[in-house]
Amino acid sequence: MSLAHLLQDVLSLGVFFSVALLLAALGEMFNQRAGVFNLGCEGIMCMGAFLAFLPPYLVRTGPLAPWANLAGFALAMAAGVLLGLLFAVVTVTFRASQGIAGIGLQMLGWGVAGTLFRSHIGGVTGVEGVAAWRVPGLSRLPLLGPVLFNQNPLVYAAFLAVPASWYLLHRTPWGLRVRAVGTHPRAADSMGISVVRVRYQALALGGAMAGLGGAYLSLCQAKMFADDLVAGRGFIAVALVYFGRWSPWGIVGGALLFSLAQAFQLSLQVGGIKFPYEFAVMLPYALVIVVLALARRSRVVGPAALGKPYDRELRV
Amino acid sequence: MPRFRLLYAGAVVLLAALAAAGAGALVLAAIGKSPWATYAVILTGPLQDLFGATEILVRAVPLILVALGIAISFRSGILNIGAEGQLMVGVLAATAVALALPGLPRPALLPLCLAAGAASGALWGGIAGVLRAWLGVNEILSTVMLNYIAAQLYTFLLRGPMIDPDELMTGSGTPQSVRLPRSAWLDRLVPGTRLHAGLLLALALAACVWLLLWRTTLGYRMRAAGAGSKAARYAGIRVERSLLVAMLFAGGFAGLAGAVEVLGVHHRAIEGISSGYGFAGIVVALFGGLHPAGIVPAAVFFGLLLVGADMTQRSAGVPANMILVLQGVIILAIVSARMALRDAYAQERAARLVRRLFPARGATPARAAPGDPAP
Amino acid sequence: AAPRAKVRIALIVESTVDDKGWCQSMHDAITAVQKKYGPAAVEYSYSEKMKPVDAGSAARQYASKGFDIVICHGAQYKNLVLEMADEFPKTTFAFGTSAEVGPKNVFTYMPQSEETGYLNGLIAGLATKANVVGVVGPVDGGDAARYDRGFVLGVRAVNPKAEVKVAHTGSFGDFVKASELAHTQVKAGADVLTGSSQQALGALRAVATYHDKPIWWLGQDVAQLATPERSKVVAACSYDYVPVIETLVAKRQAGVLGGENLPLNFKNGGFVFKYNDAVGPVLTKEIRGKVDAARASLAAGKLPLDWKSVKF
Amino acid sequence: MRPAPTHAPGPAREAREARGRAAAPSSSSAGDAAPGALASGPIGELRLEGITKRFPGVVACDGISLAVRCGEPLALVGENGAGKSTLMNILAGLYQPDEGRILLDGEPVHFRSPADAYARGVGMVHQNFMLVPNMTVAENVALGMRSLHDGLRLDLALARRRVAEVAEHHELPVNPDAQVWQLSVGEQQRVELVKTLCLGARLLILDEPTSALTPQETDDLLTRLKRMTAELSIIFISHKLQEVKALSDRVTILRHGAVVFNGHTADHSTAELAALMTGREVTVPRNAGGAATGPPILAVRGLRVRGDRGHLALDGLDLELRAGEILGLAGVSGNGQRELADALAGLRPAEAGTIHLDGQDLTGCGPREVIARGMGYVPEDRHHEGIVPSFSIAENLVLKDFATGRFSRGPLLRLGEIARHARALRERFDIRCSSTGVAAGSLSGGNIQKVILARELARRPRALVAVYPTRGVDLGASEFIHRQLLALREASAGILLVSEELEEILNLADRVAVICKGRILAVLPAREATREQLGLLMAGVARA
């Protein structure tokens, strides 16, 4: 197999693998930009994966079948919104410690998805899922065609979400409010911005995106559901937000780096490596750390109010 | 006012308990199981006999140890999510030492194994500490990633260099080590149960951590660096070093938890040894208010939850994942309630609300009573 | 023979009893035996998602509640079984995979899964057009390691030109990773794939997404023939624990509580093998002929497989 | 729209009151709804009635009643913790009162959030800047402009125009595209003012606006505010009574959450007001000593240090501090004071030059060594650099010495000794707290400053660097801090007093050094220096 071919495979698979992480991490970015650190991303992804899987699983034939996937995505996002709002109630209204609440949400999401699946469906079950969609014309481009233009529709959506997120954050009034609330909530409050409302909104959006990330896993990537399908990807998504330094561009870079490394290590194994495969499996994780350690540029500190519950009357 | 405070606390706790139980019941109803029966088993099942009760403590031991380390690191301004990996490394090191020096007498071997577990965990945690302190790599990122790396290292060693030769010879090939020599086992405290001397170690260390954090210069330094890194630096404390030391402690405790688990319960390094103690330990630490005196009961409570929820599978036919649901809702309810309880502002606001709703009782008695003409 | 007195069997598994893999095969066997003898003769209870420490409490609970046979379905439970065997000398314990002979109230069982791998390997070697065959492994250990190596032997036996690409996800339960690995195998040119443990379903699902391409799967569990993805599964073989369970019951009735190793192989009926007749022309006469012949020799114990010699 | 009344000089309050009474209650138009239409004159009479606000454990405001008449600058003064900011936060809609009400032209209004307050023309410049540091000025303004929050696109151009309009109208030059964190404190203060005006404030509440400003900036601000009184009502909070005198017509004094005085500013001297405020006679401590003759204790030669943004903040600075003297370092903030103080404390590496303390070379030493050699430091940011807020007062008092033999035995802390030490210092430095076990962060600014000073002075430093030691601190506490500094001087330590307040420097210092652009422009004996001369030097206009 030629090197070019290998490169093309690694790139197209890397892009394909990156989307769940990308969506969830972009959502988490909104949470954190608004000052809330949601470690429960994993739980939301579990619920998203499960609920997205439900309609296509239940409606396999009949006139409604073509809509089942769409209904799945909608359900996943709706569940994400609800869980995001639940997290908001706990961390914004009750101002509970965000880290621990996040772990609680992770357990809850995983648990509910797993319990319902186990008792009503059971086993490990596939669905037809969403097929790749070739962009006419563009998909025939050499190298770039298969890498970028012969992918799942959600892949395009996720990559369009990157500039969209940037625009939302930096060019819209809502983005302005989010950034203000995450950096200096008191200042925002003193100008009549409701910190609570903005955080609720950001958590709802973040939840929707995490839910969609989970839906990508079950409907587009694995095309199946099983208990613990998400298997820690939510935590990696959270870590990628730090890697990407709270910028959509950094996050897409991190998601791609991680997923390309994953695709690369799998290709390496498939190509027949001469060292224990465990070290290949470690590669993406180690690479992310190493890149950050080497980058070491100006320490962009996160949103200043990240992790700090806000209350008007509480002394700063 | 004290009466109001009591009422307030009671109301908050009651509401939280109701919310948690209600949410859990919702899911139980969705799968057609009786919430009452399930809850009854969880809360009372493990306490029916000595074995169940000791099992709670068996779970509590690693939880206490991990949580103590987490408490040190959180208090020192570093968020250690990597206990899971540190624990695994600790298992490996303790096993390796026990297997390498089987001839050593027990009083030498056992401490050596424990120390090896702690040291290797510290080393693993130290990586994240160095990355954070001197290279500015966020510790959440590095510890999450290091967990995955540790998991792979674990299987690599157990599948390769550390595998039980019998496994190879017989062809079973299961990635696990040889059984440790008996001289490296922690004593069982109660015959017929799995409760082991690790409990005493954990309790003793809880006291030590309290001493360390609030009674020593080192603890003072770490807490200062965590609570106000800038002021600490201005006062001549080397904050980077403190971060590293804190991570060494955190990793050390998690590594020790691994060592204790393998020396006390499993007696050989096997797959799935951690049972998610690394994450549960974070929860326990925060539950316990990052204070040893809170961590110990919190760990026991979580032990009860784990053992009890596990029993519901067998006695009520509830799927295993229900454990997660219950843990999740309980965590969410309790953290919310804890904030509400500790938050003097919320309490004031509630008091105000009560006064507004029931003006006769809240605001006026002082004024109304003397002026009240006797009927 | 049906048991004279009621037998109470308990099963402890690390994943779930419907995982279409390792745990389900044991569960299915027990329920089959229960059905055969009638629920009055066999009582059955199971615990899922048991980490070793939880398994310790569950097993003890079962033993102290008077269960006769406690099966801890995984080698990671070895220690706790050995420990409890001392404490409950009247209870029969069983665990596997293990080829060791345990104490006198412990049975061990060991699927010699290189045999199933070998049959699947034969099919793969003959069915591959690209001469590239992929293995989606979980962790290189236990029965998965034997299956994978047997598979390599099978491919080599019929198609020395074929290249077998063996890779691992590093996890038994990460379906998504298995799917990723399968996609990578396909991109690298593999047109016949196999895989073991429950994560393999992720790989099968990935293979099934290549609807219109001649890319095939060989199952390590016959349950896979009942999935929607079955049109991709050329054949599947799996462990049949019914003989094991029957042996356990019979021996216990006869007063033997353990101390034996029960291997699973074609010879003792421990494996089942099924073609997927609906799969179409890929399943040629030649394949059937060679596989049936090999299966016969295996059943006769005349085909030794030196799986340990395979390195990858 | 009414014609803008002409500026009334002096205490022409009768005229203003008349105007206020005449003003129609037409002031409820939404703040920035109509760009271009700037504040349409002062709002009507605003009255607070029986405002009570409780915080856990304190009654911050205890039934306060207050009236702000139209166009009449009102000053609000009181000691630290008297409840000034709390009261104003209630007026601005940020806090909800527990009891009491607000009346605007006799009509009760309910401000549920600052947005409501702005909609009625009430805007506040807070004690701590309410600007998002990593945003531009225009973005900060846009944040509060309701009309910009409807669409999907953020119309920053509108915000920019608005800033430009207001800036021009009130002669407050700001660059709408500047990043806030890059601005000096004075510039940020200006931005705050512009922002508040942009959002439609016609009653302007200014909570200690001058505490971080240089004398020039302060004068400048006061002139502008005076001019604004023609169009706006103003409530002005300050600890500096000269400013109160200069700006306000009426003054209200709060103590312990209650109004203790209410009167016309012109009728009372600053000394009277100070006495009313503190409840005792306040005298201004002065340095009466002769010229210091002690040996040089701190010598800085050719020091070059970079600032946070990488620029050369100190560029070959020379300085000599003698034992037993207070050297005042005057200068407009941002000219290298911060970097100098940090470098002296070992917190900032020197690119070139040397620092000697007591003859020993300190160049390149970290804070730990510098502290060990007897350097004391009262840093600028008392909340973050001076104390660990969540630590108790007692713990903060040993922040630099916990590891010494006095407070520790081996690895163990001597808690008893630490507690004793804290009690003694609490007594000696008059730290007002319920106990030394409470978190230092819960103290008022003045008391936090006392904690820091107590810690530093108790260590008996050879040299002390004190940066803006009385910023935001009330009169009584300032007086106390000044006395302590003089006492330290008597104990023949050298003190480098960094301040922007010439009063403070001229009262306390033996010599005055003027810093400008990272160099010392001149060193003068304090007796000979005049305000004017120093002002010119600080501006870099004149040479000594």
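Each chain gets a letter, A, B, C and D, in the order it is written, and its residues are counted from 1.
Convention: a residue touches a chain if its C-beta (ideal position, glycine included) is under 8 Å from a C-beta of that chain, and two chains touch if they have at least 3 such contacts.
These numbers come from a predicted model, not from an experiment.
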>> For this structure, I'd like the pair of chains sharing the most C-beta contacts.
In response: A-B
> Hey, how far is the Cα centre of chain B from the one of chain D, in Å?
Replying inline: 45
> Roughly how many whole angstrom separate the Cα centroids of chain A and chain C?
Replying inline: 35
>> Based only on mean CA positions, could you tell me how far chain C sits from chain D in angstrom?
In response: 75
> At which residue positions does chain C touch at least two other chains?
Replying inline: 16, 140, 170
> For chain A, which residues are shared contacts with two or more other chains?
Replying inline: 118, 227, 278, 281, 313
> Residue numbers in chain B touching 2 or more other chains?
Replying inline: 152, 155, 159, 319-321, 345
> Using the touch rule from the top of the page, what pairs of chains touch, sorted by label?
Replying inline: A-B, A-C, A-D, B-C, B-D
>> Which residues of chain D touch chain B once you look at their complex with the stated criterion?
In response: 54-57, 98, 345, 347, 366-368, 370-372, 377, 379, 381, 384-391, 395, 399-400, 402-403, 408, 411-413, 415
>> Could you list, by residue number, the parts of chain A that touch chain C in their complex?
In response: 1, 9, 12-13, 16-17, 118, 122-126, 129, 131, 217, 221-224, 226-231, 233, 262-263, 266-267, 269-272, 277-278, 281
> Quick one: in the complex, what on chain C touches chain A?
Replying inline: 16, 18-20, 24, 134, 140, 165-171, 173-177, 179-181, 183-185, 187-190, 198, 201-202, 204-206, 208-209, 227-229, 312
> What residues of chain C sit close enough to touch chain B in their complex?
Replying inline: 14, 16, 45, 47-49, 51-54, 56-58, 60-62, 64, 75-76, 78-80, 83, 87, 97-100, 110, 112, 139-143, 145-146, 170, 307-308
> In their shared complex, at which residues does chain B touch chain C?
Replying inline: 51-52, 55, 58-59, 151-152, 155, 159, 166-167, 170-176, 179, 192, 194, 261, 265-268, 270-276, 306-307, 310-311, 313-314, 319-321
